[in-house]
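What follows is a set of structures for review.
Shared between the two complexes below is chain A, which pairs with chain B and chain C, respectively.
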Partner chain A sequence: MKRWTQRLLLAALMLMTLTGCWGREEMNQLGIIMGLGIDREGEDIKVSAQVVIPAGVSSNTGKISGAPVTLYTATGPTLFEAIQKLTLTSPRIIFLPHIRVLVFSENFAAQVGMGDVLEAMVRDPKVRPDYYVMIAKGSSAESILNTLTPLEKIPANKLYNSLDNSSKNWAPTTIVNADRLFEEIINSGISPAVTGVELKGDRKAAALESNLMSVKPKAWLEYTGLGVIKGEKLIGWLNEDESKGFNYIRNNVRATVGHVSCPSKGKIALRGVRTISKMKGEVKQEKPVIHVHVESVSTIASVECKEHIADAGVISQLEKEAEAKLISLMKMTVSNVIRKYKVDIFGFGQEINRTDPKLWKRLEPHWVNKLSDLDVEYSAKVIIKRVGSLDDSFQDQVKE
Partner chain B sequence: MQTSSAQPSSISYAIDEPIVPDLQTNLRYIRETIGNSADLVVKELLALKKWPAVLIYMSGLVDQQILHTSILHSLIQRFEGDSDRIAPENRMDYILQDILIAADVEKLEEMSMLFTDLMGGNIILLLDECPVALRIGAVGWEERNITEPNSQSVVRGPMDGFNENLRTNMTLIRRRIKDPRLWIETREIGYISKTSVAMVYLNHVADDAIVQEVRSRLDKIDIDAILDSGYIEEFIQDTTKTVFPTVYNSERPDTVAAALLEGRVAILVDGTPFALLVPALFVHFFQSAEDYYQRADISTLLRFIRYLAFFIAMLAPSFYIAVSTFHQEMLPTNLLISLAAQREGVPFPAFIEALLMELTYEILREAGVRIPKTVGQAVSIVGTLVIGQAAVDAGVVSAAMVIIVSITAISSYVIPENGLSIAVRIIRFMMMALAATFGFYGILIGLIMMTIHLTSLSSFGVSYMSPFGPFIAKDLKDSLYRLPWPYLRERPGSNRAGNLRRQNKKGLLKGSSNKRGRS
Partner chain C sequence: MLEKGRITVRQLIVLILLTQIGDLILVYPAVITSYAHQDAWISSLIGIPFGLLTIWIILRVYKMQPGKSLIEGLFSGLGKWLGALVSIWYLFYFLILTATVTREAGDFLTTQIIINTPLRIVHLLFVLILIWAVSHGIESLARSGELFLPLVALFVLFLIVFIIPQGDPDRLRPVFGTGLEAIIQGATVTVAYPFGELTALLMLLPNTVQQRHRDKDILITVVIGSLLLSTIVLISIMVLGPFFTQHNIYASFILAQRISIGNFLERIEAMMATVWIFSTFFKGALYFYCFVLGASQFLKLRSYKPLILPTGMIVFGLATIIAPNITYYISTIVYYWIDWDITCSTVIPLFLLMVYYFRSKWGGNRLQNANSSSD
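Moving on to the complex of A and B:
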């Protein structure tokens, strides 16, 4: 019996030393942070934590008046000091693992840089780095998180889902999660581009419940073009077309809608169903060349002109036009970005590294200066598979 | 049928006396020994109108029809021959051979045997001036009809179940296996109750070593009375230091027959409808009789569901405790918010909450079993209040916990054999404690320890976890899943069945039967 007890004790002792995720917390003791905003306040970091009020969100507990989330702010010299200081105002333990969005203010991203905050966040083992990172364009991060949104009660969730859907269906947007951003910040062959988010409308009404009461919200959150990052700092923004071109080159486009002009007048909208982009590096006479090839399978979404699209010749004509448009879009994007920002957000350097590591070693130190001399060759293949339920447009049959 | 007294009866010294020639002395002795019990019937008569005699029996234990037509009727007829020529000591032989028309008759010389037979439902005939008694078999007491088994019901398949009569139960098996190799060994266990215990097996199909092991373990039992097969089970199981059953019990004759055909040994006990089957392996507890009566594909699906239910019944509350108190980051965000909303205002930690609800359920369950049938509805009414919306509305527990407790409760009934479902209930509480202190890590430790424990068990020398540990590839065909019958050509070897082939007559060892009923 004594031996038995000894063994049991030994086993129990060994169990104690092996525990991994230690720390018992009941669910109703947690302040679940859904969105974290980073602002600059003097030399300090100001964090704004959007914390869910579970009873206000869950539908089966009845409608409780008041906001579904609350915002706590605290200021500290480092991220986690600030986060820990949130407990000064929050009644519950700060629980980060379910964070959906990390918002930097434009100011902070441009002047302080995102590296330190990101480092701290990725270091925390409980937080999965799959939340989206974005930059508040023209406002503080706090005001972004201080906006109530209809339909999706939790604003951070709205930001997450909205970006998720948009990136799948609209070419100019793409998702940037912490993991990827972290990778791209430390990789010398590529600079990151981060989603921008804007608070539009009447800013004063954003945090009020009345914002949810009107059919069109008085203030709303909207994604804008991508922010260009150099090192860890924001240096500028891409417009919609440039964002689109960027996403085509980076293979971020899944489905989207674009248009080509008719030979006469009007436009034909093309719905891209499947888009694949490939980047390939090549070394020609000691000089790197990048090939970018985009393949897109599309269907015709709308026809505003009198072209006989039932005709195979017209279809191939349209395909050629779309290809040309894609190529010019990408060319424009690359030349604009390199001219304006002197930064390689497309990952050309990374591609050269993959093709010829030795050459890359030599090019790396002065890469940004050599960007303007880089040969990039574009090619595109657009296949129009279907024309929809109609063939020729009924436009020419419309009664006068 | 061999009858062997398992051990020297310790009270037999009092009645270990010969039968004396004097009728009244014998009668007085019998009356005294059983304390003038009211159910002793002594019918005095003049056998063949001349010889004073008594018929003794216990009322209610004998068949009145046999008593009247085969015994009384023949005893009271007028003696045709010259009675005075027959010496008093030969009179019993004369009655035995020429007069009685009953079939099961035997001479007794010892009082001890007389008592045993008397209590066993036989009629005893005593003659004056004659030092022997006659035992006339006329057992016939009231018994329950053969009804559908309560504890193991099926949708498709035989609907008869064992009852409390050993002979009826043996008949039910014999009717299914018409083969001379079906051997039944009977012995009496319990020196007061003298309960008949029958060991049933298919000779040459069951492993001789196992049969011998069962025999010797039964012989070792030393107890005053056996009232149910549960007594035997605890005596013969390999170890008592486990919550897992290592003896299977069933009240279905078809299940027993099927087990016999697989080479297992059945132990039937008089007075209970529950037969024991050994060796019993872990996989057996997930097999329902119905698995073999319906199509193999659905049987397989149902078995998967049972294994799933086994894990749900064992782990659902602990899993919930672990996730909700240690690993909130593993839940989908929306689920976490929804669960957290339900927990708003709940005063207890998840572990206490779960313990509270599980205990409440166990109490309700126990009450449901014990409560008199006439007030049985009370349990269901109160039950829905205690484990239900009312408890949630009262703010004592969260709605999710009610769901967890309910799914746990329902899942534990999916396991076809009650023994394993009890084991799961016990383990569930241990797992909950582990989950509350260590989270998933604790559950994992618990599962590892359980696996180690399970593999260390054996039932009558057969590893409890076979065919998985040790791995027996051949036996997998009827374990987690079941292949259709045409593929089940061999008996499971993990029972060490002597004769492995099931579907080839040539494969049979000695024996005459060609037709083999597949269970």
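Moving on to the complex of A and C:
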């Protein structure tokens, strides 16, 4: 008898270890946020959460009318108060860990600064820092997330994938992660630059399902140049060429396409297959010198002129020209950014710190003022390895 | 003899390795980086020879009193009163270490994974397993260590290999930029934590089968363990940068979160966390065992079994009251715990060595008798 009570007691005790679901969250009770928008409303933060409607994106329920996502907004003095207040409108608990994009409005980024929101996001233990941060150029963050997109049903996914692919294949764009951004905000030797996204077309049509019905959407989302951050605040934008130069200097370019002009007339397009940039600091007579070196392996994508590219001399001439173009692009970018914004988004200061920390200690307090006197030396090496599947262009055989 | 179980040298070094990795794989990068910033990996390497010295001292202490555990040795070496005093000091150290390790596991789980679960529930489960493990004696503990070590090692290697592609060596520059003082401060962390917390060796050695390669094996093992930790620090700085390594309390968990191989091998941090709980468990169990065994030797009991359940209860309570919140706890282990570890692993053993040496030279022949009785 006593044996049986003992066994029963043991079994009951073991039950305790089997519960294991103290903080369970059921899938069908969660509203999964894919995109989060941050706007300013007075002194408060206004969050817009793009939440997936599971039935809208599942593939086996056939075509369902209605938007695949919904947008909830709430306002609060801090980020997480506002997010928690979303429950006032949302039937489900807001679930943040699957966030793909964090969009700041231009207004918020320029006047309030991104630091506090980023801090909250990085501190949250559930959220992995693998989402992209961007700034809505010329519109609110809400209107960016309030746009339906074709091809990718979930607009936040569109933003994510689009930037992901663009950064790999097009020099002017780059990805910005929350923790990297956060690190650059606090590092004295470097200022961040953040991707800009723009809502183009007919803004009123953006949120309607009819936006998906036409072949060319009435409103669409497009990445533009990078936003320049000073401290934690947005102070201006780079244009496409400057963004390109910036990405070359910061080693953000992987593959891209550019062109050089032919000696005679027309253009030759070059496809950059691999690009590596290196920045090296050096101290010459107590003065810092920065060397920027870009190396690019390219192939010829198209020839629109009568040059004989089967000629080795022409190839090396093209290489020289592409190198010169790269160098002037980077020079232009650096001088423009320093003249217009007086910030070090290139990380020259960080490089000096890494080369000679003692010198950096002295330079650090007035670094932005010393930027314009900084000696930056550029070099580039373009290697054209292949010419595609044609040798000479048929341009010179085109009938008159 | 209180403990009838015998472990082989292989089982001993498995336990040492698990204790070294233990909770440190989670908190070590943050602690050492808060001193030496981007040079923390250098500190970690510089600390290794000094750490080896610590282990050598501990082994010497045992050689002076072979066949006797730390507590028994203290009594025969220092006499009744002083021996009792130092014994209590060590028993307290073992007890608090057990509670701290429990708290560490609890804090980690409730911070990163099971956020809504109360700390005490996690502690309860952890302590129940500790009680279960220790009540089966050192032999079972060592054998299960042999079972789990491959798993732990595999996942640590997983972490290192899969995160390396994201490393940026430029983040290590400026090398030696933080200054010699900071680097040496960082090195004391290495001496204190991965090596200094191995004082438990003195409780295990009497029950280890006598094998000639024992000392050499132990020294090789601690070098491997500390190199593993140094690698984690190095990679953590390369991937997360010195700022996030220092300010993320559980830097290697964040590292595991970052793993993303080809967009499909990702979000595997929960598996990593499980493995770290294993290693933390072994560290906790080892100190639990040391306390229970030491206390019963201190009280001259015939068996340590009756002490296990009450000790478990004390550990459960201590784990909660040891620190009011995680900030208190972190600031303690970063700044003050080092001193305690070094006192227990280096200062007192050195003092013991001196006493034993002088007593064997001038004093009575009690010690020589002890020497000839076993080993």
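Everything below uses one rule, namely that the second predicted complex is superposed on the first by the 378 of 400 C-alpha atoms of A that agree within 3 Å, B and C clash if a C-alpha of one lies under 4 Å from a C-alpha of the other, contacts with A are read in each partner's own complex, and residues count from 1 in each chain.
Here, a contact is a pair of C-beta atoms (placed from the backbone, for glycine too) under 8 Å apart; a residue touches a chain by one contact, two chains touch by 3 or more.
Here the structure is a predicted model, which is why all the values come from computation and not from measurement.
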- Message: A:N353 in the overlay: touching chain B, chain C, both, or neither? Say first, second, both or neither.
- Response: second
| said: Per the contact definition in the header, classify A:G266: touching chain B only (first), chain C only (second), both, or neither. | reply: neither
Request  = Name the contact category of A:K126: first (chain B only), second (chain C only), both, or neither.
outcome  = both
Chain A contact check, chain B vs chain C, more residues touched by chain B
| task | Classify the contacts of A:E26 with the two partner chains as first (chain B alone), second (chain C alone), both, or neither. | result | first
Which superposed partner A:G236 touches (first chain B, second chain C, both, neither): neither
(Q) Applying the document's definition of touch, where does A:H98 land relative to chain B and chain C: first, second, both, or neither? (A) first
Task = Go through the superposed model and pick first if A:G115 touches only chain B, second if only chain C, both, or neither.
result = neither
Requested in this report: Based on the superposed arrangement, let me know which partner A:G138 touches: chain B (first), chain C (second), both, or neither?
Outcome: neither
Both partners, chain B and chain C, contact chain A at residues 23, 126, 128
Per the touch rule above, chain A residues touching chain C in the complex are 17, 22-23, 125-126, 128-130, 179, 183, 186-187, 353-357
The residues of chain C that touch chain A in their complex are 111-112, 114-118, 121, 125, 128, 170, 173-174, 177, 240-241, 243-244, 257-258, 260, 267
Interface with chain A, chain B side, in the complex: residues 324-329, 333, 336-346, 349-350, 399, 436, 438-442, 445
The chain A residues in contact with chain B across the complex are 15, 18-21, 23-28, 30, 32, 34, 52, 54-55, 57-58, 60-61, 95, 97-98, 100, 126-128, 154, 157
